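Below, subunit A partners subunit B and then partners subunit C, in two separate complexes.
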Partner chain A sequence: MKRFLTFEKRSAGTSAGVFVMRVLAIAFAVLITALLLLAVGKTPAKTGSILYCLFIQPFFSDYGIADTFKSAIPLIILSIGVGLAFKVKLWNIGAEGQMAVGAMAAAAIPIYFPNMSGVPMILLMATVSIVAGMVWGAIAGIPKAYLGANETITTLMLNYVALKLVQALVLGPWRDPNGKGFPVAPLLPKQGWLATFGSSGIHLGILLALALVVIYWFVMSRNRWGYEIRVTGESAKAAQYAGINVKRNMVLVLLISGAICGLGGMVELTGRAHRLDANLTNGMGFTAVIIAWLSKLNPFGIVVMSLFMAGLTNGGGYAQTEGIPGAIATMIQGILLFSVLGFDILTRYKIYIGGKVIDLEAMGISVKQGVSKLFKGGKKHGS
Partner chain B sequence: MDLSMITGLMTAMVAAGTPYLLASLGEIVTEKGGILNLGVEGMMLVGAVAGYITAVKSNSLLLAILVGVLAGGLMAAIHAFLCITLKANQVVSGLALTIFGTGLSAFLGKDVVGVVTDTLFHNAPIPGLRSIPVVGEALFNQTPLVYVAILMVPVLWFVLSKTSLGMKIRSAGENPAATDAAGVNVFAVQYGCTIFGGMMAGLAGVFLTLAYNNTWMENISAGQGWIAVALVIFARWNPWKALLGSYLFGLVAILGLRLQAVGISIPTQLFNMLPYLLTLAVMIFGTGKVGGKRSDGAPASLSVPYDREAR
Partner chain C sequence: MKKILSVLLCVALLASFGLTMSGCQSDSPKNFKVGFIYVGPVGDEGFTYMHDLARQAVEKELGITTYYVESVPEGAECATQIENLVKKGCKLIFTTSYGFMDYTVEMAEKYPDVNFMHFSGYKTAANLGTYMGRMYQARYLAGIAAGKATKTNKIGYTAAMPIPETVRGIDAFTLGVRSVNPEATVNVVWTNTWVDAAIEKQGTESLLAAGCDVVAQHQDSAAGVIAAEAAGAYSTGYHSSMIAKAPKGYLTSPIWNFTDYYRTVIKDAMEGKFSNERVWYGLDNGLVLLDQFGPSVTDETKTLISEKEALIKSGDWDVFTGPIKDQDGNVKIAEGQKMTDDEMENMMWFVEGVVGSVEAK
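Coming up: the complex of A and B.
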């Protein structure tokens, strides 16, 4: 029987195909956003300026670029953290909570040891944030490995526990008496701030983030343990037969994943926020889940997607000047994700619609050829 | 504690547990059909705001329910299209749905934040039944949606376990290929289950804005949709256990406030943690695999996309 719409499984897509798919998906998401804005009664001009705020300003204006880099730092760190867990098909969506406990643990140091000097204080803050994130990871990881407890739900519940804990602290014992009534912890002493590059506001955390990206790349592509992780992710059964200790690796991965996210909390605290409050994490843990997934766990893809998502979130802020809530950025992230999810089928299937074939690979290759033609004589295109 | 206090506590428990119940019943049906939808929180929020806006604009409670339920169903339809037709990853799609719903509801609801409406649900006591000591007041002097939720329990239990439709749903979640071979339209069944789940989540949202909080604010569900997802596992995909679980979680949610009222002082935030800690404990200690086999009654093909060509 011939049907109108059929799917044919194909081998894994190449980078060219994936690139074409991403561009299509982003274009589609922009289109849907524009239609949605028009549908709720925004004029075309207004829609244009909102789209400008969202997609152009964060990436092409001096102020916007610096802001985008600043916002991308914690996202890169968190995405590396959750990306590591995703490699083993562990859905750690607890980056938000792990980040919160990391920031909380780090904030405790200057409160209880206000007289430490800069470097030891920052190192101690980093250490305790790693430990706190690790503990949060362990609460999900150990039951997952040994009791089969669903880590999606446990990490998620731990997010709420962490955020309530931070709330209790900033409303109670850690509340800043000079906080003008806001539930915030006191400002960190200056020696506990990460140094910034000039007046850009981009802080040392960016070096840490990039170091983590390189380490992640190295471990995943050049290291034995990384290989074990990859095999475990492909097929836990095969890994078991190959003598890999799957349970140990599961726990280990969630511990390290939690540790990285905890550190991300410390970096955001010491680099940008400079004081603990309940909104410090601001949904970044969830954005990181999206980034890790959109980048197909590729470390350099994580950097690009983090910058993109950071810009989009900031763009939501700029769009508030156009009289729409900042939440629109959240909504667009959702639309974008739907769009990428939908277009992703093109990398996994050839689709036949009424006898016509849609083959992403062919599109990717022709785009690649077109691009190389444009740059003829330049260096060859690698993948 | 005297009797009237216990009655008061139970009444509050039933009301607080109702959104959990509505949403988790919907998710049970979705998951029984083999689709995992982690977007309950987002569907609930969109249902909540859609219902509230409709109530404010039209002053019709019935229309508000209808729009809220429809909005939840539409949200679920996105998930269904991506996961069933396009075979997308169900975890990511569900997450995207929650993110999208959180943003969309804030965007749509901007103009009704702080707007008051009289189009609200009121208690509709059931004569006779409400005179049963303690339980009567708690269960039968509530808003109509509470009764709807309670009624849905036996109805869904019956449909899922005693009817041929229920048989089709369950087999689609267990072994879609065999179900397909038996001539059942698996895609239609899964679409139906997913959309039904969204409609129930939408109804839970309507309950939040028009029967419980009586207002709209950003992120009004505050994680309740996620708790509903956890409840499905807690309840082992059984509507009756979902009823018990929902009220238990409702009790935990309100206990903090009540204990403060009688002078036992625990920081509110710490007490608010309890539902999450309880879910965590349930997940850790309640889902153990016995003898290496899944003993939890989870549909065997849950979250595995059904690929017809790969049969």
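Coming up: the complex of A and C.
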């Protein structure tokens, strides 16, 4: 008997297909959001304003785009960090904690060596943040490789350990002596701040983030070790037969993953926050997990998704000034994520409803062709 | 068929973006625009709620336009929301949590034409002032109610973080308690969180289990008050009236009323008289006050409280006037001596009668 609704797995989606699906997913979410806002009694003009704040302002207004970049920098770095681990099917969801210990280690430098000059101070801060992130990665990685300890649990729990550690330090020995007793470390000395591009506030961390993206791409597609860990990720047994040292690679990947996230903490500290407190990480480590996942671990996808998530978060705040509650703004972000995930299924499955095939990916591709034809046609017309 | 569908999808897509382009341009320059950055949701029934009640009242009264952004995390992200309020045309912006300080300073530097007021901080600029309430005065009065209510002479106190603001509050409360009941102790549990109903409830229950029959709090939710009511104990809340949560055991609460303050600052700013002073208003200005009393509070207690309230309001006496001893019995403030504001802002020691440590556990 034929079922009414069947899913048929298809060959892996093409990158054009994925791209079109993302665009369709966003358009769909915008549509749902618009209907929702109209349904709760917002006028069409108001609905337009809210949608503008959510989806346009963060990306196309001058200060909006600068802020989106600023927020995206740590997200890119952390997503590259966790993305590397995910490639090997190591579920490092400890970016939050690794970022926190990285920021913490970096913050120690100006506290104990306040008279260092700028460049050595920043280099030393970067180094210790990498080491701290590595240590945090190793605490999860070594038991995973040699004892089979579930790294999802260990990396998750280590987040809380790291955040409590930061809290204890800013409540205790690192508390700002001139801060009227509030639980924050002293402001970094100015020489420890990353330089910014003009008045935009976008700091040098962007170059580091993009360098990491390129390195990640190179390792994953052009490098022997990258190949090894990809094989390890596909099948640890096969990798072992091929003479790959699986355990060593597991530890190594979690070390490097932790190191990158630790460096992310230093970048956020020196580039934007300028002082250590328990709120520095602010859930970015978890957002990075979503980003890595939505971008399918593609390095350039990570950049796009990081910008998108950063803009969406800022846009949620902007939209509030048009009269929607904060919770609704968060809900709209949720609709978007669900929509993206939902459309994702369509790139991986053909769907039969009542015997009729719905192949949205193919349709997506034809939409894309249609659009490009439209543009070509337009050009001809104009010339 | 496929083609028609794809064309339709294209149209829907373009239409949705076209719709979005039309917004965000409603400008009415006649109105004076004021922005608020809140750390919590306006529906928290506590701290942010009190700010928002005042915002609504003043907006209605003065006919100005206000914007707010709620649940803004303390950290770098708040700068983008402050900047957005500036771009919306706000000429005065209130940032209502300590963690917004550095970013408010940054924005005040970047936008010298806009005035800023930061709650609870200490950094000022030509266009940036600070405001805070002498909540310790209201806590002292709440302490009198607690000291009169306890039978076991053990009073519990759940507090967020060991910082001067909370320590000062616990001390003032304890002085209030011991002014009417020198035998009573105030037992402190640190929760290490400003708001987390589950942890606040746990903390309160542990205090009740240890024999406390009155509980006080420096927390944002009503969880402690509700837990006390369930156990048949007395309680005092914080921020806003919590009497509805505990109709039997509620004594009173030290609470906020920002309306008068916001009205004054906004009016001044409208007339170009913005002042960047550091405001620390007490009971006399009405920024902090004591809530209505619960049914168990006796007339005798009410009289005691109103006498002390009048004394504090008169300015002749304040809570931290000597002699005051610390936990070890050493005289910290001599007879007739008064703590300065700076000393109070940095206060990190407990007075005699507090059981607990200023170190977080």
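Methods note: the second predicted complex is superposed on the first by the 324 of 383 C-alpha atoms of A that agree within 3 Å, B and C clash if a C-alpha of one lies under 4 Å from a C-alpha of the other, contacts with A are read in each partner's own complex, and residues count from 1 in each chain.
Operating definition for what follows: contacts are C-beta pairs under 8 Å (C-beta built on N, C-alpha and C of every residue); 3 or more make two chains touch, one makes a residue touch a chain.
Remember, predicted model here, so these are calculated numbers, not experimental data.
Q: Considering only touches as defined above, state whether A:S366 meets subunit B (first), subunit C (second), both or neither.
A: It touches subunit C, and subunit B stays clear.
Q: Of the partners subunit B and subunit C, which touch A:E322 in the superposed model: first, second, both, neither?
A: second
Q: One more residue to check, A:P120. First (subunit B), second (subunit C), both or neither?
A: neither
Q: Check the residue A:L171 against both partner chains and state whether it touches subunit B (first), subunit C (second), both, or neither.
A: In the superposed model, A:L171 contacts both subunit B and subunit C.
Q: Using the touch definition from the top, say if A:I153 reaches subunit B (first), subunit C (second), both or neither.
A: first
Q: Return first, second, both or neither, reflecting whether A:Q333 touches subunit B, subunit C, both chains, or no partner chain.
A: first
Q: Hey, is it subunit B or subunit C that touches more of subunit A?
A: More residues of subunit A are touched by C.
Q: Find the residues of subunit A that appear in the contact set with subunit B and again in the contact set with subunit C.
A: In subunit A, residues 167-168, 171-172, 325, 327 are touched by subunit B and also by subunit C.
Q: List the residues on subunit C that touch subunit A in their complex, please.
A: Residues 2-3, 5-7, 9-10, 12-13, 16-17, 19-24, 26, 35, 41-42, 67-77, 79-81, 83-85, 87-88, 98-99, 102, 110, 122, 161-165, 167, 192, 345-348, 359-360 of subunit C touch subunit A in their complex.
Q: Please output the residues of subunit B touching subunit A within their complex, sorted ascending.
A: For subunit B paired with subunit A, touching residues are 38, 42, 78, 81-82, 86-89, 91-93, 95-97, 99-104, 106-108, 110, 218, 223, 226, 229-230, 233, 267, 269-270, 272-273, 276-277, 279-280, 283-285, 287-289, 307, 309-310.
Q: Where on subunit A is subunit C touching in the complex?
A: 23-24, 27, 30-31, 34, 44-53, 55-57, 61, 63-64, 67, 70-71, 167-168, 171-172, 179-184, 187, 199, 201, 268, 272-275, 277, 279-280, 282-283, 313-314, 317-318, 320-322, 325-327, 363, 366-367, 370-371, 374
Q: For subunit A, which residues are in contact with subunit B within the complex?
A: Spelled out, the residues of subunit A in touch with subunit B are 6-9, 40, 91, 93, 139, 143, 147-150, 152-154, 156-158, 160-161, 164-165, 167-168, 171-172, 286, 289-290, 293, 324-325, 327-335, 337-338, 341-342, 344-345, 348-349.
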